[in-house]
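We just call them A, B, C and D in the order they show up, numbering each chain from 1.
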């Protein structure tokens, strides 16, 4: 299914008066700010959609009734991301996962994606599951494994993923390792680290010069005693030892309870080692809920550090970090969930862009804590949704993506096209 | 120091045009809603200020340089709350703590308070500290103590607090017990519960018919292994066994990590046993930070359940539950901090009042999870500060309390009146 | 495969001298204690094995290479538990799960189980997964569902489980509900509670007079925002409203971080509402690790409260509470893991039996905290494994079950009998 | 008060037969191990006592009735540690804290300490409290402060502490910073890090060549939003940037919930950057409870990594790392509490020394997880208290320190000497 430009225009026209009123209101409220610059940054900001987030997810207790109309092939996944991008103008990239999405014809895929205005974001390898027909199991780890042959298999898989990525025009590899242990004594932590580092070195060596390697950390799950890339400190150790192409990737759900993620973000930027983000939200662990659905203020605070740190380093907001959603959609239509995630991220970004940094710096320099809080809360409490909508309008996307999605009965059309019982690859 | 009505009016006049613009905008945005009704509820809503929150707080590592101008007597504490109430029109009650605030002349205090438009909210006893000259120490607990004489001392203290409260026109007693244990084996949990229940029964018997007893729970601190009223389940057990005057009191900082407080609120309302609230915010434990400074969405979700549950029970928002701030102000001017807390609470309440309950019920009945989220986020993302300001305007209070507080140099005046080195009683 | 009595005797003979030396040592060390009584209690104590714990488990990321030789039928599951019971003499019951273990011929199964010395423990229903061919999905809950027809389906399933249990001679139903919500707004907490209570009433009505209903609670997972039986307070509310046959069931992994589980145990015993236990261990959430593998001191402290509370109530240790393991075996041979769990539980029980209660009571009455700690740590630090081994010896089981399991190549034999690729039903 | 050698001998004589029986039993059980070597390591192992742990502690809610007989001067603190060392032979060092313990006459103090067999361990600075008469307050941080003059004051304080330490023969400085923030926006994380690093560089420059600097981290408290040395990753960053004299110090209570501390220990050893330990135990936060009183298995697992890592690096167990207790004694006699902490630490160390590393390595190389667990649990479940007692016997200390402490009425004698109302400096 395709969304036609005239369908979007019709939708926008109906909302335009109301939208203009909001924009006018904001322009008066923020007359001291260059809102055009803010809107342009919102237009430029793109969040990659992972190919595995397009189907209904599950938990270790199983997967409930699926949504229907799920994509059956890479091509249909690209089609789905194309739908999202048509609706919100901010999902202009897809992140593939090998072996769930092995491209048969890279050229054709690139053309298909380009037709939707999509690029190929970071490639994702998978050594957290056993692959059918593989010689070795990752039950006791992949890059950390005590068995050199198993490490070798995992290394070669990653190198193969890089090759696929090169063919598709991607320029980054995300390495998320489930490696770790479930019981005290199972692992020698030091040797596990050293094996992992050695393995990463081999993969790093296969990386093109202009590529990045994202070393993702996670505190726990699926291993429940230790994880071999367990926190930002460990990831930074690996990335530092590997070299300048290696970076830390932050997934919001991969921390111990109560962690101050925004501080981690700030320090990684300081070190020049923040590579990118996996957005989602959570209350208990790696719950993989819709971004902004549980702790929207935290999301804003993270963006506040991102904007501050990226600007301090003279980096480009849209290009110098990798932005991706990584969530699981157990009880919502995956496409609606992704639209909600992107919306929440864009709002948080807009809020962060409007923070009065000069005043904030002054308050910090005076230890005026109440004032500093007022400054942050002022933008957070402001209703900036119209700015995000305006960015969409300028990108020829929909003023209200989720409403248009429902107006156009997109899901029902996908079911009609693909059937009810299709199941997308993923978790 | 007093804030004169003409000072407030002058402040308001300068902001009125801008305020009216915002109100007009909101009236158009929410034209389908009876905003007058919402504003009236905001006018009626009053949050009690605890007498111990008027001075600079500390931690177990000590107290840093104080703010200056802290109240030295109950009378000055009432004066401070009077200042807050003049500024925000929503702090029309003070909650006293015995023995930090033993009233010498109840009649005179009532008059003084009435002059500021203040009532006396719930009285607070203190058996979590040793009192100078007391026969017994609470080192090993008060109402739980294995020593009957110590329990007796604690019971009598509570009864004395009730008497003070009667004289002041209060109608509730808040019992927060630090009782518990620091090490496995220290306590027989069952006997501690039974001793505590027996002690509470004696206090309950001394309670006037129209009074309420609030049984506050807390997961940990200052005891670090067990607490004898440790969670809402335990508090509800006590309250149920005590009788219809006994209720559970929820302090937002008194839970284990990641607890779903809004669900607890809903269930306590269902059982008719929610008594009231202590507002604050926290990231790690009982951090006692400014309400809404860390998790404003959680604060909104709690109010969402409060409004839903109170309406379902046909209760009165402003009168049938006890609302109080309980925070510690270590790095901010306490009065500014309290103004920020009240503001955050009022905003959350306003957001909850605007939730489209009919649509939410329909979404819930259809398991339309994405829609339910849209409905809640729609009010949370709206900027309703002008509604709260309008309520203040109608209560003859300031459009921007914290700004007026600074414009009038309230703190500097208090320092001038009271001196720099005064230290208010409290933590 | 069967383990012959002479194989056990041969194994025991080889270890007997060493064992006797340890027992002699303990008899001298604990000469002031009636060790025979302790040993008899250890002999009598039986821990049920859940049918789903006999196969290799997995996580939401999938299941790694299986162990091989997993049971393919209920009969083979009973055979497996029979092997465990032959080895340790303490696994004399099996807990079945419907629909994973629908019995075709209850009489034959009872005979088969009796041949191994096994009883049928609590029956487990399953409304946390969709069943093939079922009319309705539990995606949005079962007993809590807003749709009455779905609640009805779940109620009927539970009643059917009771019927299977009656035929097998079981006398308890464990209801674990995954019901809850993933996002704010998804659920009306009060209505979810009321629907669940109403549903439980219907199931309760179908319960034979001498049966118990265990209402299990869990803080989170698979729902990641709220759970409708979320903590012991909620479970106790249900159990109290249901009636005297309803009890709370405690699973060690179902709490928020840092919860004091032993206090919960004590209070539930006080209320006469503790029904039973699901043993496992965890570091982060419901990790379902081997009992005693992470926090053995906590396991001891729980047993300390169990022994104290059960004795205070005049209850029977072995009969008046339900004891079951509930763990997932992702990286160990499931049978070895279960042997380790039972061993850890028996040791904790032995430690609790040896606590000098008179001295502990005296220390508590004197607030002698250091002494109380010494008393608990004295038994915990003692090496009581020989007492547990002696209980096995008297039950004609093996002195060292896990060693005999390996000596007899049990797993290899099971693989030979059943094949490498068999997969047991379960998670 | 002094404990005479003949008092110890008399005590030991009465217990000797029983002790010998236990030792004989252990020698048979562990006949394959060189127990003499283990005992010698236990003899050599010394744990420093911090001067502030000799008095009754408190919480932010105040301090309850004190124990009586608390040391009033540094000399009396040294006397107290001397008593502990006489009793357990394992507390041969004292760690001083400036300004609580400013030495007036370093030479005399050294002689006094030497008389008790005590050395001066790491010196502790204090910039987490305001000092009477200081020009500046640390309310908004010390080494991180935006105000250079305040940073300077804090730097100079640290340099003064080094000077005191040189005079006393210490060779390490522990820097624990409470620096951080309570509210979002209060701090620029990057600038706070850079200011802190710059300040640490100045202190580092004043460090003698053979000294170490321990950079201690803490997740939260007394700041409740961010801490500027918040986790091991941050501490390692500082230590790496500072140079080879700088190390990370691990305090067991300074982590987020559920952190795997033993893995952190292993990785810091791998990096050559583990400096030392602050021992205590906790259930919720920095509870500062007696070592081993809550999670003794975790304490063992930490020692397991220490022994493994220290041996792998060819380091000396007793000399190459700093060992110190850091606890607060709110409800126990501080000296009894310290005896219990040292005992728990020595037991954990003994257990770690007895781990069969060869077998463990083999199990790890075979991914034999069940076996690895058996190996660790085998030593943990063994009763090794007699080995620790034997080490004491050889050091002319008491077989049962806490019992002798009570037999000799040490506390009563201290009260007689010093009075009931004395309060030691500290928290």
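Basically, contacts are C-beta pairs under 8 Å (C-beta built on N, C-alpha and C of every residue); 3 or more make two chains touch, one makes a residue touch a chain.
Keep in mind that what you see is a predicted model, and the values were worked out from it rather than measured.
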item	value
Set of chains whose contacts include both chain D and chain A	B, C
Contact-richer chain pair [B-D vs B-C]	B-C
Distance between the centres, which are taken as Cα means, of chain D and chain B, whole angstrom	40
Centre-to-centre distance between chain C and chain B (centres being mean Cα positions), rounded to whole Å	43
Multi-chain contact residues (two or more partners), chain A	139-140, 181-184, 186, 219-220, 225, 257-258, 260, 283-284, 290, 293-294, 297, 331-332, 367, 369, 373
Residues on chain B engaged by chain D in the complex (per definition of touch)	58-62, 64-65, 128-130, 137-140, 178, 181-184, 186, 219-222, 224-225, 257, 282-285, 287-290, 293-294, 330-332, 427
Complex contacts: residues of chain A adjacent to chain D	139-140, 146, 181-191, 193-194, 219-220, 225-226, 230-234, 236-237, 255-260, 262-263, 266-267, 269-271, 297, 301, 304-305, 308-309, 312, 360-361, 363-365, 367, 369, 372-373, 375-376
Chain A residues within the chain B interface of the complex	21, 25, 28, 257-258, 260, 283-284, 290, 292-298, 331-333, 336-337, 340, 344, 347, 367, 369-370, 373-374, 377, 380-383, 385, 402
